[in-house]
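Order of writing sets the labels: A, B, C, D and E. Residues in every chain begin at 1.
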């Protein structure tokens, strides 16, 4: 898939000396969008009065979102897209860092208005959230350079696999483990770590053979590892990724419309290209994986 | 002077009934506390956001119970390592041998000084730093070497990380306990021909225990919850088990309540244990005199307040 | 009997030089420890996996320093809340008023019994349970109400979560300290006409401090690292700052070392502070006699070991 | 000054005082003697309400100790009222109970400053004089742990005197004192008595009881067996138990 | 049995012993008297090496205390050797120092069982006898905090006697004791002396020194001022300081 590697943001955050704000880090500046009055009209009064919308992101998930070198600004694909969406809707967007686990409780508690943190649009999550889907992407394997070779999920039997907790990949490997067992093969040694950094340490220290993550994240990881890690096998399980809003939130409609505007203006494509996942684009926004009902 | 008055008084009060001191403030306070408690219970039970049905569905589920078992196992083993090593370190630290006390000092400094989270990562992923551990002559030939990953399983790493860290804290607690014992005790023991080791074991430590046990109870209860840090080694103890469940089904609040209830339960059991251990080591103190029945010993603590009328 | 022998001896030893006890074991141990230390330093410095250059690049970077500042701020404020509230709870717990001691007991039970992680989440996401907090007559009309999210910022939630939890632990420490003071002290104070409160403040607590300070030092140092749990509120203190950095640049090990070095540094500073506080409260104890110079007081601790020859 | 009427006190099931009756006139020095465990210390502690009596009445200076009579009933006093009563009663303990975290001078100054609200300067001046009186002017800045047992007890006496009490209770005040210092302490005590001080002294020193005491009480088994002038009680005891006790002691 | 040659001892800059010379023959009871702070307790503690002397020599039963002579030099002994020496020296402290977490009986049995390796049965039998001797058979299962001061000191004496020492050191053993019990204790001590026990007794009880002591030493300012038979020292002192001290005490 997307092993392009040469991520523009990389150099800025690796060194403590680099000062400047995140925007310059991103290299490509995304121009400000014009407000679309039709879209703005869809925004519920409550938000129009406030003039702002609060977006939660877990800033430990590059390139989707991560801390800029100033230690305060969240940068990445989601913040860029979030800002652009806000401009179209005529709202100021505040990106708030939150641990991934805390985003969904925070949405129910009214701490955040929407979540943009590379959410996979899954059946389970749709029970409590609505998703405005904005790209489709799969998962990729990576391992130590010169380590195990894994082509598909079926090759995982008998291997030690490190994944981050709460990810679709965790579910994928759990299902695969059952398959291995029923096929009489060796089971998968699944290791669920609280964050990707710990999963990576498990790879480095040889506790695990292979890790799986969303393709953009896996690619970024490998690019950052200085040759220690390599992608292996094929991308699999392409699914929708969406902007999460609490069920029944009045923001789903304006968000869908705003995304549509961005897609038509080409800004959407620019943002995806900037963060190296241009090929994952959707042609039109979807809500909960389907055409939005008007 | 007042003798006249006194005599009269004495005659008239001879059979006068005694009235205990009235404490109206107490009753007002009691009423306020009762209302507040009622409110608290009321909101806990009626606020549907707590989702008590989900809480109790998960309460005895296999995954939670397995996590609970691992938590208890880690707590017990780590505390044992911590207490034993901590006592050794405390005695070393108080030794007049500068080498022993220096080593103990450095150990305590390093292990108290760094986050146990980092220590757990260190032991868990030691092979990222030292892929092979070897036994041999320092700066000379090696005899044999092991793969660090084989030698140190995640469980061993968890025990090492928690236990060695705990020892540093226990060492300070034991030191304070030993220092709290009157010097005359050790002297009396030595005058009877005891060696320092024997005096320490038979005379000083049993008395130091009165001071050591309460903070050790604190530590054990703290450890119960510190074990949740081993999540970073992908070792699913109680809290991490709950987190793994709610990261899949998003019932965050009820699952956190489930885990908390279990913690509360074990803490209560530990506290009861601590009470009996404390009572054991308080034997011989003034108030334990005559307090052999259970009620007496339950009243013992209150009775120690300065100025309490017996 | 042996008088003859004794007299001879006495005459001949009159001016005999005294030789301090030789301790060959000490020298062997010293050598071993030195070699081990040399090995440790050697591997730390030469193992390039530690990436010391990266460690020191980040050591004084703005982000790490900002995180450090937040860690110190949280530690200081939470410990202050913990100590003050803990002392109040300890006195309540030891009171002969069953209501006061019951409330203190329940508080300690609840806050010690549940993970501070969950408590932090509770304060941080209280609006998920109680979107509006109101002030009014219990079960009656309300006067005013606030949005929980506005009232409780992440910083306030962090302080509440850490401070209220700490108070429960400090209460147990203070209780042990108060119990360690001889009952005769409070009696002597009362016989002089002091009220219980005054006796507690002037006589009992200052002596209890000798027992309270060492575990409180432990708690402060523990708190320093417990603050890292506020990461769950996305409040970037020291460790979480380091984690945010390495989650973007994958230099996990050097950044963990950077954070650990800072923790080690502050812990050392705290320990020095603790030493002086301990010395202050040890005034009047046998060994502090004459130990007014610095060297004397540094030797003081070792001198307390049972049976130590002065 | 002190009047005890049928004072009873038990610890759990152990009856320690079985109805003690006695009276101490103002300016009188009463010495209590008796075998070990006879309840002398316990009775002394009852006088300033350190032990709550189970039955009977205790008066100091005409006031009921620890109780107030209202409407034909005895109401227990609050702790402030008890503290107020104790201000007038100095006590010297069998085991000193000096405050170990304060120097000798600070021990003596503590109560005048904190309880009577004297200025530090006044309290200091008085404390210095008292330490001088007990022969410890040179050791006023030492901590109790740096003083020998005898020195500690002398500080304890100075500390009790610092409150300028109307009544002084002594629980074997000389038992830890050096013989050569006993004389000095007796001088202080006698001059106090001449200034109007009433004293109750539990002691094993028969010489002292005879010389200084205006009255002697012999206690045994929690009751007063015999009382009277030292000449009578110590020299011509009427009771067999007193005689037996004295024959061993003298 | 005990021989001190120019024993010196300072605490920091305070010189407490300034060259003490004295000798105690076997079966002798030596009483040390002197004013407070004269170093009596400190000297007693030097005898069983609880304080390390700065200069001079101390012998007990012909052996140097705390040192061994080898090759013309004095080598400090290891702690096991010192503990071995202390087994033969019983000590009774001014402030009891009973083990508070053990009953009276356990206090007495502790050292015989743990140090001498006696069986619990033997030790118990002996301990019961000793507690009987000091008049405490009824209180053998009480903890020190439940005993009055007098009772505690008697347990402490029994505890020291339980090791069947050759030499007994007493630091004001009767100062906390009831007068009627002093006699009993003296009887125990006298019968011990008759069985070959040597005793060094720091005391303020001149009557006891005169009655039981084979010799009396008067200490002041860290030196032995005068020594001899009690009759001579206590009745016809040669030194002015002794006379001054005695005039106050007697």
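Observations on the model:
Keep this in mind: a contact is a pair of C-beta atoms (placed from the backbone, for glycine too) under 8 Å apart; a residue touches a chain by one contact, two chains touch by 3 or more.
Molecules present, by chain and UniProt name: B, C = Amino acid ABC transporter permease; D, E = Amino acid ABC transporter ATP-binding protein.
Since we're looking at a predicted model, the values are computed, not measured.
Compared with subunit E, the chain whose C-alpha mean position is the greatest distance off is A.
The leading chain pair by number of C-beta pairs in contact is B-C.
Per-chain CA centroids place subunit A at a distance of 42 Å from subunit B.
Per-chain Cα centroids separate subunit A from subunit E by 83 Å.
Taken residue by residue, subunit C touches two or more other chains at 121, 128, 185, 187, 189-190, 196, 203, 253, 286, 289, 307, 309, whereas all remaining positions touch fewer.
With touch defined as above, residues shared between interfaces to two or more other chains in subunit D number as follows: 79, 95. Within subunit A, residues 101, 105, 201 each touch two or more of the remaining chains. Contact residues of subunit A toward subunit B in the complex are 101, 104-105, 124-125, 127-128, 162, 165-166, 170-171, 191-194, 198, 201-202, 204-207.
Within the complex formed with subunit A, the subunit B residues making contact are 121, 124-128, 131, 148-149, 154, 231-232, 234, 236, 240, 243-244, 246-250, 252-253. Across the interface of their complex, subunit B is touched by residues 48, 50, 79-80, 83-84, 86-87, 89-91, 93, 95, 97-103, 110-111, 114-116, 142-146, 159-160, 163 of subunit E.
For subunit B in complex with subunit C, the residues that touch the partner chain are 23, 26, 29-30, 33, 35-36, 38-39, 43, 47, 49-50, 91, 93-97, 99-101, 103, 109-110, 112-118, 121, 128-130, 138-139, 169, 172-173, 175-176, 178-181, 183, 185-187, 189-190, 195-196, 199-200, 203-204, 210-211, 214-215, 217-218, 221-222, 225, 228, 239, 253, 256, 259-260, 263-264, 267-268, 271, 286-287, 301-309.
Residue ranges on subunit C touching subunit D, taken from their complex, read 182, 184-185, 187-196, 198, 202-203, 206-207, 281, 283-286, 288-289.
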